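Step one of this worksheet: look at the structure below.
Going in written order, the chains are labelled A, B, C and D, and every chain counts its residues from 1.
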Amino acid sequence: MKIDPFKELNPPTKDGYWINKKNKERYGGQYISPLLVPNLKRVQEGFFKAIKDKKFMKELNEELLSFIGVNTPIHFSPELTKLAGGEKKVGKIFLKRTDLHTNHSHKPISAYSCCKLAKYLGFKKVLTETGAFQNGRAVASACAALGLDLDIYVGANDAKKLAINKDISALHGANIIEVHDSTKSLLPAMAAALRAFQSEPDSMYIVGSVAGPHPYPLMVRTFASVIGRITKKQFKSLTGKDPSTIFAVCGGGSNLESITYPYIKSNKVKLYAVESAGKGIKTGKHGATISGGGKMGVLLGMRSKVLLNGGNIADSFTEASGLDFSSIGPEVAYLHSIGRIKFLTATDIEAKKTFMMMARKIGLICAIEACYVIHAAIREIKKTGKPKQNHLIHLCGSGEPNVAQMMEFMKKNK
Amino acid sequence: MKIDPFKELNPPTKDGYWINKKNKERYGGQYISPLLVPNLKRVQEGFFKAIKDKKFMKELNEELLSFIGVNTPIHFSPELTKLAGGEKKVGKIFLKRTDLHTNHSHKPISAYSCCKLAKYLGFKKVLTETGAFQNGRAVASACAALGLDLDIYVGANDAKKLAINKDISALHGANIIEVHDSTKSLLPAMAAALRAFQSEPDSMYIVGSVAGPHPYPLMVRTFASVIGRITKKQFKSLTGKDPSTIFAVCGGGSNLESITYPYIKSNKVKLYAVESAGKGIKTGKHGATISGGGKMGVLLGMRSKVLLNGGNIADSFTEASGLDFSSIGPEVAYLHSIGRIKFLTATDIEAKKTFMMMARKIGLICAIEACYVIHAAIREIKKTGKPKQNHLIHLCGSGEPNVAQMMEFMKKNK
Amino acid sequence: MSKLNKLFKNLKIKKKSAFCGFVTSGDPNYASSKAIMKEMTKHCHIIEAGQSFSTSTSDSPIIMEANDRAIKSGMNMTKTFKLIKEVIKETNNDTCFVIMTYLNPIVVYGVKKFIKSSASIGIAGVIIVDNNLNSPEEKILLNGLSKKGIGYTKIISPTNSEKFIQQSIKNTKNSFIYITTYAGLTGSKNVNLNNVKKLVYKVKKYSKNMPTGVGFGIKTPKQVKQVSKYADVVICGSNIVNKIKEGHERRLSAPKLAKFVAKYVKQLSESTK
Amino acid sequence: MSKLNKLFKNLKIKKKSAFCGFVTSGDPNYASSKAIMKEMTKHCHIIEAGQSFSTSTSDSPIIMEANDRAIKSGMNMTKTFKLIKEVIKETNNDTCFVIMTYLNPIVVYGVKKFIKSSASIGIAGVIIVDNNLNSPEEKILLNGLSKKGIGYTKIISPTNSEKFIQQSIKNTKNSFIYITTYAGLTGSKNVNLNNVKKLVYKVKKYSKNMPTGVGFGIKTPKQVKQVSKYADVVICGSNIVNKIKEGHERRLSAPKLAKFVAKYVKQLSESTK
């Protein structure tokens, strides 16, 4: 198994913008305090140097294969196919098994790659933020493997919740710092990590999605695209062609970009992002930046679509902690603005029912985040799927962290 | 990726015995109530038919690859190599990443394969037992995937313990039955499942290790040996040769046989089994059937080494619930008796320290069971390893189920 | 002539079936168990004494609980021999004692020693639930016990094949063959008379003189009566064990408990044809 | 001439440094904040009023808390303009008001509208912490504000490159350039006088007449005195905000809180050379 080298298909400007040529809107950039400029420059220059460094990339790819285990299978699911209407009507449904990674989601790829970069650039310590400790765990594991110190910033309210990934982060030796600002949740934790980066220029900041100031969105999607590069090859050898559609859930957009990136210029492949509609878009309690009417704003160093509340950021709401984010990666917002990626939604209750269906009928315990995309994908395929098509759903994580929540749901719905 | 076909290297007699030619001791057999004879015959004949059925085996292999994800990587660990004395002194240490399977251990392979067989033979329901729900979860997942009903027998004391894999088994729809006999732990649960098999001949019993009456030990190791067959190919292509040593932990022996089986006739490859010495062999509180002086006995349908307490079975003791078993698979006992497999031990405290080391230095959360083998392997390699050797350790599971236990250990040992 | 053969010869003359009561040896403890067995000898032609094995793979929950009580009270093979020896000595009647157990307690006690002890005490027969027809232990035990005139009983059930039944008949020596009324656990289902008839006829077809014992789920005098029309031995277990449990829970003294159980056993026994 | 330029011209004549006090606009609430600012105009040449942004990427915990207080009390850009407008009207002295904020509140308020409102109210200058030198928003704001004679301040720190500093000087118009005493968060470390000296000299080298403001971590009258030897403006923030918090927690009424804070501000202000 060899990982195909990365090809830049959608370069931003040198300042980190993706520009919609029609309406001139810009996505991305680097909106940060001047005190952070040198730190970001070090990361940015280091990143471009590293991805051209053959030895670095060879080592990284080997470690992604043997430590993270990125060569996960693609699983044809006769049961999901049947649920969507049957092969004769809608074609076949496949699952990309990203849940089988070390640490059980797509996050470990960019986490490990960024930590490897940190080490390559001589940083001794890493700073990151987390909501439900998915990113926290992934970075903690990478830092342990690479011998780096780590501070994880987490909103004080999030830190209170019992979470297996929080304990695992601690077992890996991470230092967990509670953030008491504002809503005490993911957003202020991200801001706090960026502020810490300003105070500790000898540490490298790492972000958990394709968000943040340039070069983070670019860097994370470049590293994460390993998933898509492997998928593209696997899918060709499995079916002889590219998939007709690809579906991925979208909080910040990293798992979406990780699998779709290599296909963005393949116009025959339809790309779908699924957001969390929470209690329903109309209730206002949702995490759907695009589908829920987010506006352009400037947040955490980037210009992108944001859920706004006056000049401040509106709280997002969803029971999937990995999707609880009031903005979206700038490249994703750009790809949506040019019509390349279509957006769908699923509600929390639909996702939870899908979790039970997957556990009962497919035998898999899926990350609740993945259940939004599975639900929306089956609904869409039912409506628009055609015979002989192949549909690919990104099963982006496994559901151990959701077990307690789902046991409650099961008991209530017996 | 293609799975090499199974080759029978160590056939038992037609009655299911492995016989030590020197001392004429027999291991295995089928010691069961006559009422179970027809059920076992159905399983036995079905098993031999299925493994010769090309369509069945092709489907099974495809599903093992894409559903269980058996093509896990082999990871070279420079850090463990260094810990054991360095490459120049002892050679290299590799980890087989069985922790990356669906359900995170080796158990899902035989669980899925046996459930697939149950379906092939027309059974509508499966019966199995579990201690810490590793096997329970694996069988529950397989039954959900294959549309089979499931009763899981578990000792009432074990059922009381909080366990994420117990909840996951329930989410998969398994029916969990508490067993109040005797010690209310794994052994009476196994007996209870066998008894249920006697009452419900239309259900198929499935065992969680290479134990039980013929054909179970044979069947489980034959199915599980997929791990070893893939390993053999991978290791050759990685290093150009077979490993010098293979280390695996041993409770019942399924993960040991799963990786070592294809090598049992390759006499240059040294094979090591590691048992749990619990609080120390001398304290009597251990789970080491071989190293702790087990005697020949007849238990759960098989003739094998057993920890005895008069005519009854002695309780085993270890903090690793997957190793808490007072006997050992008959083929393993046989391979030990002819000197093919060497036995080592590690104590509970050594395993827990190794868990912390793996979390902190390697970045992996290993099943506590795997930590016994890692500890003993490093100790052995330090003593006997030679330059240019390659050592392979079976990392048989991931440690989510052990997080609570290890958090306590960490807090106490700060 | 072996004890059991003598029994069957006598009963044949009287055209009567034998009654066999099952108890776990040492349940709920040594003293009470001894009193119960002594009392039972008055009503039973055969007493099947179970030597407990905690990891039994064939007993019903009722018997499993009895096993637990016996093991907790310290029973083991040595004590079982002692108990039966004392009962035989102190009762001085013709009741046949059959030991029912699993292979492990025998292997641990020592197969040869087991045969010797059985013989010296005057055990009439042995049933080993989990000993396979083709196991090496089978041959040793069958031959060893037969040489001493001790009966050896195999169990067959409605789901066993013809071949298996024939082999089981062959391996049953100086004793009755044990026919279960259904495939399942002792005491777990309802008696299926049809099964009983079929299996008894089948056994008689292959071996005209093989005494047939029938057990599993026989609980009422009526059932005893019905079964005894076909079977040479009617075996009752779970409900007797349940009586022991009941009396034990009511904290009856050993003599009172024995009487309490024997009263029920008498009812059953008297229903045999 | 712009307000700030006028101020610097006057001070140059007096050979004095300016004192700039930072508060979060609307901290702890509209009424108190207004009273505080009014009182502070008596001692400050410049008042830097922070328009809160909950997701600030550069403020110290002290200022983050002030932001939280202000947001909870309902502050937003519109109210900040109203507050400053009232303070200017009701004090009638020469204190320059500088708005410090992040880009998002401005983008949401509307960039053009922001420039218009600033001009109509008489805002002296604007600092946007996270506006990149090369962003399209930078050009629009810099040009738009300059046209209205409103000052535009860039921030530089000891770790910035020569090129970045030169560009920052270019983008600073009608105002002082903001030099941080260290790379980190406001109020988080100790003042490094050496850094201050070096950066002030560097700025003067590139642009002889560029006024220099120095801030971050300046807490005591002694530090104010030392820094004012080099800087044209000495900026104090965190400790003033801390005083507001202290008074607020002691539940002082708006006028009392204003006096309490102003007393401390006066001490600092009087220490400027």
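By definition in this document, a contact is a pair of C-beta atoms (placed from the backbone, for glycine too) under 8 Å apart; a residue touches a chain by one contact, two chains touch by 3 or more.
As the structure is a computational prediction, the values presented were derived from the model and not from experiment.
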_Counting one step per pair of touching chains, how far is chain D from chain A at the shortest?_
1
_Remaining chains grouped by touching, chain A not included_ = B, C | D
_Quick check: how many Å separate the C-alpha centres of chain B and chain D?_
67
_From the mean C-alpha coordinate of chain A to that of chain B, what's the distance rounded to whole Å?_
35
_Counting only Cα atoms for the centres, state how far chain C is from chain D in Å._
98
*asked:* Two-or-more-chain contact residues of chain D, please, as numbers and ranges.
replied: none
*Touching two or more other chains, which residues of chain B qualify?*
none
*For this assembly, give the contact graph shape among line, ring, star, complete and other.*
line
*Who touches whom among the chains?*
A-B, A-D, B-C
_Interfacial residue positions of chain A with respect to chain D in the complex_ = 15, 26, 29-38, 41, 180-183, 187-188, 190-191, 194-195, 198-199, 201, 295-301, 303, 306, 308, 310-313
*Across the complex, what residues on chain A touch chain B?*
65-67, 69, 71-76, 97, 99-102, 140-147, 164, 167-168, 170-173, 356, 359-365, 400, 403-404, 406-407, 410
*Where on chain C does chain B make contact in their complex?*
51-59, 61, 64-65, 67-68, 71, 76-77, 102-109, 129-132, 134-137, 154-157, 159-161, 164, 168, 180, 183-185, 188-189
